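Take a look at the structures below.
One chain, chain A, links the two complexes that follow: it is found with chain B in the first and with chain C in the second.
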Partner chain A sequence: MIAHLSKRLGYYALLLALAVVISYVLSSLALSPRGYFEGRQPPPPPEAIDTQLTALGINDRTPLWERFGNWLGHALHGDLGRTLDSSDVGTEFGRRIGVSLRLLLAGTLLGTVGGVLLGTWGAVRQYRFSDRAVTLFAFLLLSTPTFLLAVLLKVGAIRTNQAVGHELITFTGEKTPGLTGSLPTLFGDRAVHLLLPTLAIALGTAAAYSRYQRGTMLDVLGSDFLRTARAKGLRRRTAVLRHGLRTALVPMSTFFAYGFLTLFTGAAFTEKVFGWHGMGAWFVDAVGKGDINSVVAVNVFAAVMVLLAGFLADVLHAALDPRVRTS
Partner chain B sequence: MNRVARRRFVRNPHAVLGASLLLLLFLLAFAGPFLTHWSHTDIDYTALRQPPSVEHWFGTNSIGQDLYAQVLRGLQKSLLIGLLVALFATVLASFAGACAGYFGGWADRLTTLLIDLLLVFPAFLIIAIVSPRLRSASWLVLVGLLAAFGWMLTARVVRSMTRSLKERDFVRAARLMGVHPLRIVVRHILPNVASFLIVDATIAVGGAVMSETGLSYFGFGVQPPDVSLGTLIADGTGAAVTYPWMFFFAAGLLVVFVLAVNFLGDGLRDALDPTSDRARGRRTKRAPGRRERAARRPSHPVEQGHPAPEGTAGA
Partner chain C sequence: MTAPRTAPDGGRSATAPPGIAAPATPRTDAVLRIRDLHVEFDGPRGPAPAVRGVDLTLHRGEVLGLVGESGSGKSTVALAAIGLLPDTARVAGSITIAGTDVVGADDATLSGLRGRRVGMVFQDPLSALTPVHRVGDQIAEAIRTHHDVPRAHARRRAVELLDLVGIPDPATRAAAYPHEFSGGMRQRALIAMAIANEPDVLLADEPTTALDVTVQAQVLDVLRTAQRATGAALLLVSHDLGVIAGTADRVAVMYAGRVVESGPATALFAAPRMPYTMGLLGAVPRLDAPVDAAAAAPGAKEPAHGDTAPTSDRATAPGPRTPLIPIPGTPPEPHDLPTGCAFAPRCPLADDACRAAEPALLSVGTEEPGRHHAACRHADRIVERGLTATDVYPLPDPPASSAPAPDRDTLPPVLKVTGLTKTFPVRKGSVVKRRVGSVHAVNGVELDLGRGETLGLVGESGSGKSTTLMEILGLTAPEGGTVEVLGRDTRTLDRAARRQLRGTVQMVFQDPLSSLDPRLPVGEIITEPLRAQGVDRARAAARIPELLRLVGLSPDHADRYPHAFSGGQRQRIGIARALSVRPQLLVLDEPVSALDVSVQAGILNLLTALRAELGLSYLFVSHDLSVVRHIADRVSVMYLGRTVEHGPVAEVFGAPRHPYTRALLSAVPLPDPVRERGRERILLAGDPPSPTRPTTGCGFRGRCPRYAAMSPTHGADRRSRCERETPALTAPGPGRAAAACHFAGPP
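Right, the complex of A and B next:
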């Protein structure tokens, strides 16, 4: 088992190295930070732009391999370079991850638990009206892109506010700027701001999980061990929840691993629609500006998270399913 | 499709609904434009931001373009993008997966490495990075990119299916008779994974359209003067409250289209795959097909519309 996991770790290291090289080269070739500076009003003199670009290590007149070597040397010592506005990429990182986490945590938790429960319920009541209703609703949500769902929620909130006559639901940013008051007021303000994004995330997540969970649960419901549990006198509810649900959650561990690690990579659409400055929004803005250092940092970080999730899924699977360990 | 499968398909209300909706949407997209004299580039200076009327069925936008013509034009483009991406991605996936599974050795190792590497890169991020260079390129480049990042999961499943097919007697017999390996792949392996590929390609159409609209929403996808459902939704978002017709026609068609595709895919799976939920029934023992499911890791969140748990994400 240990040997197997360490072999996988080596493979992941290879993938990561390739990912770093490719993201750097691709970003450097495709993005044009020079254009960003040239587009400023008033346009700075070309020499000043050159100096600035060289200072940031992204001057397109320096050979690519030299830039990459330079960047890599610093990155290996934990220095990810500077953004176009000359702030430290590492510091920006910490701030952005915090924002994304605050945005996504509640929605993801809610969506995961809700999806698993709905999926289990649907499987137990297969083909009854409630199962069909949940399925239809899940399909509808799965066919709505996140950005569309977010915009629809926003429109709904604006309509509600207009109907009520004052700003009942606020949805722009993390909090009301400049708001002062006691701790409960500030906390309440943040909670209201979280309402719509959390709903957008939870609905999408729950729809996806409910489909997967329904499938794995149906596999389990027909199994011999569940019949044995019933035969030895357990009530149906106890048998399904204690023995069935637990087993059905094992294959779901892969999805949980990906779901929770991608919390950190943020949610570009939700962040942009609701005006949160998290990881996803950072990436979209950085591509727009041609901020190579930030783009590479986010890209490599996303790759690390995907690999880590894969590794975590392997470990979880082995921990939960004895058959994997022995084979 | 054999008779049993056809009967199962026809009896599935979701599948029939999905197929009919798709047919209607195709009719609307390709025959609909002939019902009006406005083209998607015409500008009616006498009607700016007008609500739906007899003259402009879906209303007009802020520069006086007819939204009916625009939305249908966008629908055409989105349908084409979805179909082409699914086609290219499935062809690529079936060949890469079947060859890797059948030949094994270095071909297998290289393909697996490539699959894993591409999965590590979220497609959304890569296409976004490359997009500034695509401003002037045709939308076909976007199709190529979406297909290049959309084949890996399918290929993984095809690979694992091929590895078990390879041990079956009919493949072994063909090999011993001296049939050329490529011919074995094309004539014996691929037809046996065809039902999976059909279902997968159907669902991929919906996924591709969602990716396209997502990218276009940020301006990374289809570039003006081309219009797609994504660019129309992006343009209409700001006006969703004040001038709802600029937003809701495009948004509604998008959801209906993806929903129809998902229904059709689900119905096809029930009809073609004897191990799927509906065909399996509750009382039977666990059927095979677990491996296929296990091989399908959820992809990166940002890469697709929203699928998977990471769904959150839709990024």
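Right, the complex of A and C next:
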């Protein structure tokens, strides 16, 4: 088992190295931080730009491999470089992850549990009205881009606020700036701010999971072992939950693993629409500015998360399925 | 396992089973009572009645066999009795279990009955257990669902139950997951689960159909033990007349959703009164039929009963057998039933009255009034005149043998395989695969087939039959040993020669539906091998009518697609396809195992006729020893990748010298209650070992009754020979059957 694990980790290290090289080379070739500085008003003198770029380690006049070697040397010591605004990438990282987590955790949890329940319910009531209704809404949500859904939710909130005559639902940023008060007041403020983004994320997640879950559940509902469970006298609901759902969750474990680890990489659109400064927003902004160091950092982090998710998926799969465990 | 060997008289004597000896007065201890049961499904072509007015009564401690072909409604009856029909089924009539109504009952009532009053064992043990829960927990759950007992108590009881059904080391095995159990062990666990609460009624729906024959014998034994231990009434649903004959006290035969004949097992099997039952019994090849005894000398056309024409050297000469009785036609589709008797379109006795109205199930015979019933207008005539299957059904002519009693030594060889081996690597690792071992799928196979002969290849699943076939059909150099096809060593073939030889060896597959392209018309399907051999379209098309006629299909059907044909017809199409290139050797891989008995008989008769007509040779692979006994001249028995016995059918089946062959033959149930219960059975312990583990000495040792009987003290020398030395195939004389056993011979 240890040997198996270490082999596996070695394989991940190899993949990660590949991801690092590719994302560094691609971002360095595609992004132009020089353009960002040149576009400033008033434009700084070219020598100053050169100096600044060299200081950041992203001067396109330095050979690419030299830049990469330099960056790698620092990165291996935990220094991910500086952003274009000369702040530390590592510090920025810590702050952004926290923001993304606070934004996404509730929505993802709600969406996952809701999706599984809705999918199970739809499968049990296959082709009845309720199943068709769930299916229709799921596809409607799946075909709505996140930014549109978020904007629609905003519009709804604005209408509601107008209808009640005061700002019932606030949806910009994490909290009301400058608000002071007791802990419950501050917490309540944050909860209200979370309402719409959570809804946006939960709806999309639930819609996707409900489709997968319905599929795996339908396979299980027609299975012989569920019939055996009923033949020993289990009520329909007990049999479906204890024998059916448990088995149907096995193939879902892969989705869960990826769903939860990509929490940390943020959600670009939701963050932008609701004004949260998380990982996703950072990435979009960094690409826009040509902030190579930030882009590479986010990319490498995402690669780590995806690899970890793969690992977690295997662990989950083995935990849920004894057939995998023994072989 | 430590399974009790079934005594020849296990509580019920062969001559007078309690079902018959009991007085004919109505019994009051009925635990399952089905009255006028109707079940209807919505089919794609309108409402399809699956069960049409079935009455059954099951008494405490009694075994009722429900027999019928696929689609007869027998499984639907069992599922209706436990209330597990799909929601789309419309059920009418009444079913009571221990006095409680099942039809129309709500889920709470039914759940209270299920598992407590009525237990059920299903067909496919591999998928019937939840893969993610431990076996012991699943059995304990059955107890805790109905009894408020502590978890530990239920677990202890589960271990006791596993012990009762013959699981070795039950305390440890209870903690295992289903995938760690073999098929036979899973079925035992399911039986344990079904009897966990000592139900009044036990339903078993084809409980052994998915299992190998030696495992089937074990499981039937366990089922009987379980039934006796709990005193439950057993409803045994099966298509296998042998299984029913060995276990049931009473039998009900179903056809097109109705019971068409019922009665005590011995009486019904000895003297069936309904033409369908007669045909069904006549259609089964019998393992106990004397080989060639009723057949005429080769060359003669009319076999007559009592014909004593001497056959030269019966043991080795390929000669025609008595053809099986095929019931013409196919069962009606449920949505398109005839107005009168559903069997009338296939019945040789049918007259206008039969076609006008459905006959009732009435008492027949005088020996035991009120016990034997048949739904046939001609039942009285059948009783009076003592008609048998051969009187009712026109027997097809036995095919004329092309050569007069050929001497085996002069037959041109068609296939000769010696010492064939094939291993598959076992790989491990997800990134870098490395070889960690080998599966010895085939490890020493001997086959010998002459022109005009049929060689039966038998063995249980995993014995290497399919690998052997693939190695032969590949026509390439084998990993070890030699394969000679039509006298040519496959090692020496170049591409052109291989291509040419490919046309002379053709294959017929097990599943007739999945081996036919659903989007090609039949005419194109059957000429595809010709086209592959480079014959142009027009010349290939010209052969279609002839080929279809050859296999008993109408040439008009050439434009139809496979889905328009029944299972038996599809298998005929598969045979026509194989014959299109005029092959000399036909490899048949379980060609009748997917077919119902009555249809199977027609295919077997066709194969026999074609062989004589076209001078074909057959390599016939089957797990069904009765079928092999019926059709083959020679037989090769495989165990764990190795040929353990081979030789003439009459000798191998009549006086098997290898203990495995003996056990295999004794495990095949005979469709004759008296004989089936009277004979001594050799129950093999356990399952075949995994071929990944290389074994020293004899591979059969672990299950061998002969080895087990050797005393570790006095028989130490003999034991060590089995442990060290791989036995070679040796024959007692030239032309005799050879067995790979150090202590071969009669017991």
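Here is the rule we use: the second predicted complex is superposed on the first by the 317 of 327 C-alpha atoms of A that agree within 3 Å, B and C clash if a C-alpha of one lies under 4 Å from a C-alpha of the other, contacts with A are read in each partner's own complex, and residues count from 1 in each chain.
Assume a contact is a pair of C-beta atoms (placed from the backbone, for glycine too) under 8 Å apart; a residue touches a chain by one contact, two chains touch by 3 or more.
Fair warning: this is a prediction, and the values are worked out from it, not measured in the lab.
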Legend entry - Touched partner set for A:322, first chain B, second chain C, both or neither: second
Inset, instruction - Give one of first, second, both or neither to describe whether A:17 is in contact with chain B, with chain C, with both, or with none. - result: neither
Inset, instruction - Report for A:234: first if it touches chain B alone, second if chain C alone, otherwise both or neither. - result: second
Inset, instruction - Go through the superposed model and pick first if A:26 touches only chain B, second if only chain C, both, or neither. - result: first
Legend entry - chain B versus chain C as contact partner of A:223, first or second or both or neither: both
Inset, instruction - With the two complexes superposed on chain A, say which partner A:145 touches: chain B (first), chain C (second), both, or neither. - result: first
Inset, instruction - Kindly classify A:133 by the partners it touches after superposition: chain B alone (first), chain C alone (second), both, or neither? - result: neither
Inset, instruction - State whether chain B or chain C is in contact with more residues of chain A in the superposed arrangement. - result: B
Inset, instruction - Pick out the shared contact residues on chain A: the ones touching chain B in one complex and chain C in the other. - result: 11, 223-224
Legend entry - Interface residues, chain A side, partner chain B - complex: 11, 15-16, 18-19, 22-23, 26-27, 30-32, 104, 107-108, 111-112, 115, 126, 139-140, 142-149, 151-152, 154-155, 158-159, 201, 204-205, 207-209, 212, 214-215, 218-219, 221-224, 251, 254-256, 258-259, 262-263, 265-270, 272, 280, 283-284, 287, 290, 295, 298-299, 302-303, 306-307, 310, 313
Inset, instruction - Using the touch rule from the top, collect the residues of chain B that touch chain A in their complex. - result: 113, 116-117, 119-122, 124-126, 128-133, 206, 210, 213-214, 217-218, 220, 233, 237, 240-241, 244, 247, 251, 254-255, 258-259, 261-263, 266, 277, 280-286, 290, 293-294, 297-298, 300-302, 305-315
Legend entry - chain C residues touching chain A - in the complex, by the definition given at the top: 82, 84, 107-108, 111-116, 119-120, 122, 124, 127-133, 141-142, 145-146, 177, 179-180, 190, 193-194, 196, 429-432
Inset, instruction - Enumerate the contact residues on chain A facing chain C in the complex. - result: 7-8, 11, 223-236, 242-243, 246-247, 250, 320-323, 326
